[in-house]
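Both complexes below contain chain A, partnered by chain B and then by chain C.
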Partner chain A sequence: MSESPIAQQHARTPRPGDLTDRLVATDVWTDQMLAEAGIPVVDVPFVTFGGGIGSFVTVDYLRISGVPTSAIRVLTPLRTPWESYEYLTTVSQIPRSERLRSDSQSRPDNIWGFPSYAIAEGPKQWWNVFLEPIFTRYYTPRAGHAFTAMEREMHRIRYPEMVVPGQVRMVRRRAGGGYFTILTPPEGAAPTRRIAYRSQWVHVAVGYPGLKFLPDLQRYRQRYDDFARVVNAYEPHEHVYERLHRRPGTVLVRGGGIVASRVLQRLIDDRDQRGLQTQVVHLFRTYVAGAHGPSVFSRRPGADGWAYQGFNYPKSVWGGQLKQRMRRTSGEERARLYKEMGGTNTPLRDDWLEQLARGRREGWYRVVIGQIEDMRPVGDLVEVAAGTDQGPQLGTFDAVIDCTGLEADIREHRVLADLLDHSGAGRNPVGRLDVGTDFELLGTRNGGKIYASGSATLGGPFPGVDTFFGLQIAAQEIADDLARQGFVQRLGPGRSTSQWWKWVRNTQI
Partner chain B sequence: MTPPVRTAPAAAPPAVGVPPFDQVAVAVVPGADLVVRLPGIVLVVAAGTSAPAPARGSALGGWGAAPAGEPAARPAAGDRRAGELVALCRRVSAAGRRAPGRRLHEELRAWLPTATGVPSFALAAATEEGLALALLGDGVAEVPDLGLRLTSAQGEQPLPDGRPYLDRLVAWPPAALRLSAGATSGTAPHPLADLEAGVVPGAGAVLSAAPVPGTPTAPAPPSTGGTVVAAVPTPPVVRPSTPPVPPAHPPARSSGSAPAPPAPSAPVAPLPVELPPPARSVSFLDPPAPEEVEPPRPPLPVVTEPQPPGALRSDEADPRPRVAGILCKNGHLNDPRVLFCAQCGIRTTQQTAVPVEGVRPPLGLLVFDDGATVSLDADYLLGREPETDPRVRGAGYRPLLVVDHTGGVSRHHAEIRLEGWDVVLTDIGSANGTLFARRGDLAWTSLIPGQPVQLLPGTTVRMGGRQFTFESPHGGY
Partner chain C sequence: MLPTLSGRIQTRIFLLVVVGGPWTLIITPVLPTGADVGASYGATFSVLLVTTVLGVLWELLWHGLQQFRWEKDWPTLFGLLTGIPEGLLVWFLFAGGVVPWSDGVAGAAFVLHFTTTWLLVWLVANGPMRVPFVHWRINGGRLVP
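Coming up: the complex of A and B.
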């Protein structure tokens, strides 16, 4: 690998068409300023960047509503819309064959939600969706099913024609209306270092700003340079299971969310299928002993440390009375409601319950309540000092799997920070980007609109934005708002029906 | 039978350690007796004194007329016994050279009553916590600087036939110990004289051992037989309460006439062995010595420029290989292909991938079939005897020993190189070949010798009867 030439290239050789200090410091740009900096400008009415499932669902909606591919550009470093999502689900032990925690009719590839995943999967699942959740557990689709369906839809709407690879550096308002979105194409793909996309509408769908590994994990890594024994569940950690296969060991699992459930299931599946002697110690920070909630009407079951809930949010946020209630609130009240329905939880699944009950009975699954205070490598093991409800404890483990995937602050994302600093965007009561009911980024209007959807907008009038169904609702609201501004035709019953048939027949549009 | 005398450990702080016996200098005093040094044992045995001279035959054909006077040397029965004694010492020394003293005591107690005509001897042997002395006949052990003297007549248990005999366990004296078999000699040995091993003529042996300071002595074990633990009659020798301060320079040789116990000057001076300097008592209350006062340092400069991010902070002096990667928002170096930072978890796709050079983090690890893991932070050479390869000796490869009982692993089997952010496996001409299978493969693929193959996370490699899997937090999933 040629290492030095790249570094030399980077050594501040001014390349044509780069940002100037003046541009970076100016909130509102004129066309003249970009021309002076030598940055080429591309005109396109609608730009979405991020390029994940949020961008995909929005583009899908617009394409079905009749927007030509030439009017949309997707600026993204991702190869496929689900690349980032699949990475995270795979490493957190939801490979394609396992089930997601999503509803049957929340289909990113099908704006109608019909036929749903369950119906597509087969007659056996049909009954399940009729009987859930009283007589059966919720149906959830397999990850692989979602990805293959999205791939089919991606080609049907000619999504690849709209993709421009590269990194978005910033979005700035344009003097005279519209926005400039600055894209950095990959090395060598364009003659200039930056390209500006001049558009009337911009859609921000950058997803999770990132994971945030807990400080003790980062500290351990920096001090001991050991990436093998203390791992986060959101990073590849197959070697932990591999090692337990070779040699019996004790694992410390931390966290109480769905990822902790999946990691435990993987550990116990391995134990059962391969006849391993893995011992598991599970560290809860908050131990949920029973059902909890402010009233009889909003309660969540809980037991053995876990809080149980079918989906990320109470089901009523997608269409029930909770959705209406949230829409009317604002400020402190909304923050309180978010807090009330928040909290880490995991779905009730029979196989997990059975495995953990067996582990408790046979003694190889033990629960500790507390927090890790210090970790250090001791020989081939990790010594963990934990402050627990039983006082300080010290134990050595073959591996520590941290299943707490704290989301980073939105300011951690450079583009979002730039929107806050230079484009007038604000924060909502929960601290994320403040959007209105039509998912417009409040405070950024400039002869056009900036929309935002996905996890970065959590805390808005509609909860559940970081779910498949939440992304679809956002796309629908954005398409409706664009229709009001004349960019697209409203999707009426006639067009909707004919488009649905095209979807069924997989006709390219 | 004397009950073993125990010294109260609290009263005598164990300040003087036991010097390693074989590092003690043994100087030979000129004379006609024999000085024997074996590992763990120093023996001085009188030569040919206790046996009568053989009758000289008149007819010694061919030798001419009998010379006048005594013959210069004659074979004596005592010398035969001396040979047996040396053989016994040699045997005991070979059996346990570190501390043969107690064993030697027992063997001598068993052997001496059966042997008549044993010449006088003085013997010192190492024990775990001091010295074992044995004196017979005219044998003397003395510490001239301290005025201590032991003779065989002081022994508690003479031999059954009435010969005086002393065997004792004593502490190391803090000055030179002199052994002799009765011969007196005024000439002192040369200060540099040192007998490391062997049998040489000499009137006596001077063992000069400076005590090792600071090593605590083990508590005295209960004695066996008639020996008395650390019961040397003259008290100052045994466990002095303060460690003697050996002089910094070889002391001027003084006759042992005016011994000054706190500062003994060894008659045989400079030691050929490097002994650690004595512990100096330090009071933290006293003001420090002038040479220890550090000059005041200038204040550290105020940092005004932005610091380089964490991954680059390690300076150029870091010997680890460097690699071009991208920095995450928080300044951690990463593989340009990853989506999330391996250090902190932040998305790396959110900002322009600016390639920078930094110290390469470990690229992953090998999980062997016995559960052993090897972190890949350098190039490795795998095999049965990897350390014999010139690449290991010269080019910075690390040897990775793969033990295989089926014998299928060659001496130099394969190498694993880190190239940029990739891990590359090459078979370097092994006898039985190397197989690999990527995750999900149903069959093994054979590696062509000399042709590198990139290890992806989840790749399993098989060599001989062993196999390992490569896993990595970098580079895809």
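Coming up: the complex of A and C.
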């Protein structure tokens, strides 16, 4: 989601209505300044940008609460709200037919979570959710199920009518109250280079600021210009599997999270289904041998290197005890709690356990504990030097698949950097955007509010922000706060029930 | 479910009154109580009242057990199975004559009334409750913040 293609197009042909040096350097803009720059202004009370699932669920909640389409604009380069998410799940080996790591009741297309995905899927899954997680593993929905359901809801709430295509460049406070959100529309879509959206409320939902690679991976790529044999699992890397299909090979997989699980499954599925002889070496930096945690009241299960957890946080952060507890913390105490329940983990799935047990037994899946120290290409292969618990080790591999999912600093995102530099936004105890319990971006208030949800706000008083249900919880907090300011009615039992019935009947609203 | 202690207690009282109450009203006349309708209502509503009051105490125990779970969740199955010890205790209290205003209840009628009420409350708590109360599940089962 970089602006660069659009920026490059525009660099060739100067057009009217562009940002001026004065605008870029000024924190608070007047209407006059925009008029002088020739940037047209569009008035709308509520603007959300990013346009992914975070924007979608927020708009869904507001529409269900009674906000008309004319009062909302979604500024986005995405064609559908799940486009970016689907790209990431697909490259990280979760195509539409595979299951996500998400709870049955976390439905971005349904604010009530009822009926849940499992109920919709059929009686076999009813039994699963009835017995989970005691006698069965957690039910999780197929990616395709989530996308098709969102598509239905998108049309039901007339979402496309609110979408304005383009890339948001910045948000600045407006003298006299409210904000200007600067949109760069696609080439040819508007007579001016920029359009300003003047609104009382702005919602920032730009998703992940970007991927960050571990230093050894970056070093290897810079030094040897090889992007084919050492890959990050969040990048397209189908060529690795294809190469293993053409000739037998050995792969080094690094990481202990769900992406490592999925990549291992793909490698072993290919072994099983295509009769390959792939050897897998799995490098854990932290090897989890068993249940771990500071006390008997907070002990997470683990075995064979992995920490096991159903979802990416302990479940009660999405509504229960941990949500309540985190809400009351701040500063170092909050950072400590994040650390306590954080840590890389993966869900327990029977097929994964079976595959890895078989691999260990038959000798084609081996575990090494340690860290990569150096990598260099040797002929067709990559030579990896690792510091391990058994001392320094050297090995050659056909490919290295790095499954560590580091996120870049929020400053890597141009709009977030601008908010930090010009609009009063600050950082929370873990370094992301500092939001309050109602997801207001603290420090930016200006006769209106800027809200933010999603990954960029991790570290706030609510931990599960970068999840389907977390985005919906944020949406509800935002809608309730907007209700306190008179923009919308708080969703009460009567309207909630009648709107749910409309959802059931797929009645357009 | 992901209850907090206060959410457990609030949900318990709310559902036993709002769902259990009307259900008891409906089912009592057809229960094999062997008594007239007035006495039958007296018995079934006594059971409902005792289940609610004792339930608040049970919730303290369930909440305590929940602390041993890493996820601090309360699986759907647990919500159903806790009905067994709770039902047995209520039965023993009535059968043992501990409830001062009651002359006891008929066994078959008690089993039918208690299990159907428990099942209904459990079903409502695991889905339909979220329809009118869209804030309930993210507030740990609390209806009043």
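Assume the second predicted complex is superposed on the first by the 495 of 509 C-alpha atoms of A that agree within 3 Å, B and C clash if a C-alpha of one lies under 4 Å from a C-alpha of the other, contacts with A are read in each partner's own complex, and residues count from 1 in each chain.
Criterion: a contact is a pair of C-beta atoms (placed from the backbone, for glycine too) under 8 Å apart; a residue touches a chain by one contact, two chains touch by 3 or more.
Source: prediction; values computed, not measured.
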item: Chain B versus chain C as contact partner of A:77, first or second or both or neither; value: first
item: Touching partner for A:27 - first (chain B), second (chain C), both, neither; value: neither
item: Touching partner for A:221 - first (chain B), second (chain C), both, neither; value: first
item: First, second, both or neither for A:354, with chain B first and chain C second; value: neither
item: Contacts of A:389 with chain B and chain C, given as first, second, both or neither; value: neither
item: Touching partner for A:333 - first (chain B), second (chain C), both, neither; value: neither
item: Common interface positions of chain A, toward chain B and toward chain C; value: none
item: Residues of chain C touching chain A in the complex; value: 1-4, 7, 66-68, 70-73, 75-78, 127-128, 130-135, 137-140
item: Chain A-touching residues of chain B, taken from the complex the two chains share; value: 310, 322-324, 329, 339-347, 349-357, 361-362, 364-365, 367-373, 375, 377, 419-422, 457-458, 469, 471-473, 477
item: Touching residues on chain A, where the partner in the complex is chain C; value: 105, 111-116, 119, 129-135, 293, 296-301, 309-310, 314-316, 318-324, 473, 476, 480, 491, 493-494, 496-497, 500
item: Sites on chain A touched by chain B in the complex; value: 1, 3-4, 6-7, 9-10, 77-78, 83-84, 87, 90-91, 167, 169, 184, 206, 208-213, 218, 221-222, 225-228, 231-232, 234-239, 242-243, 246-247, 249, 380, 405, 408, 412-415
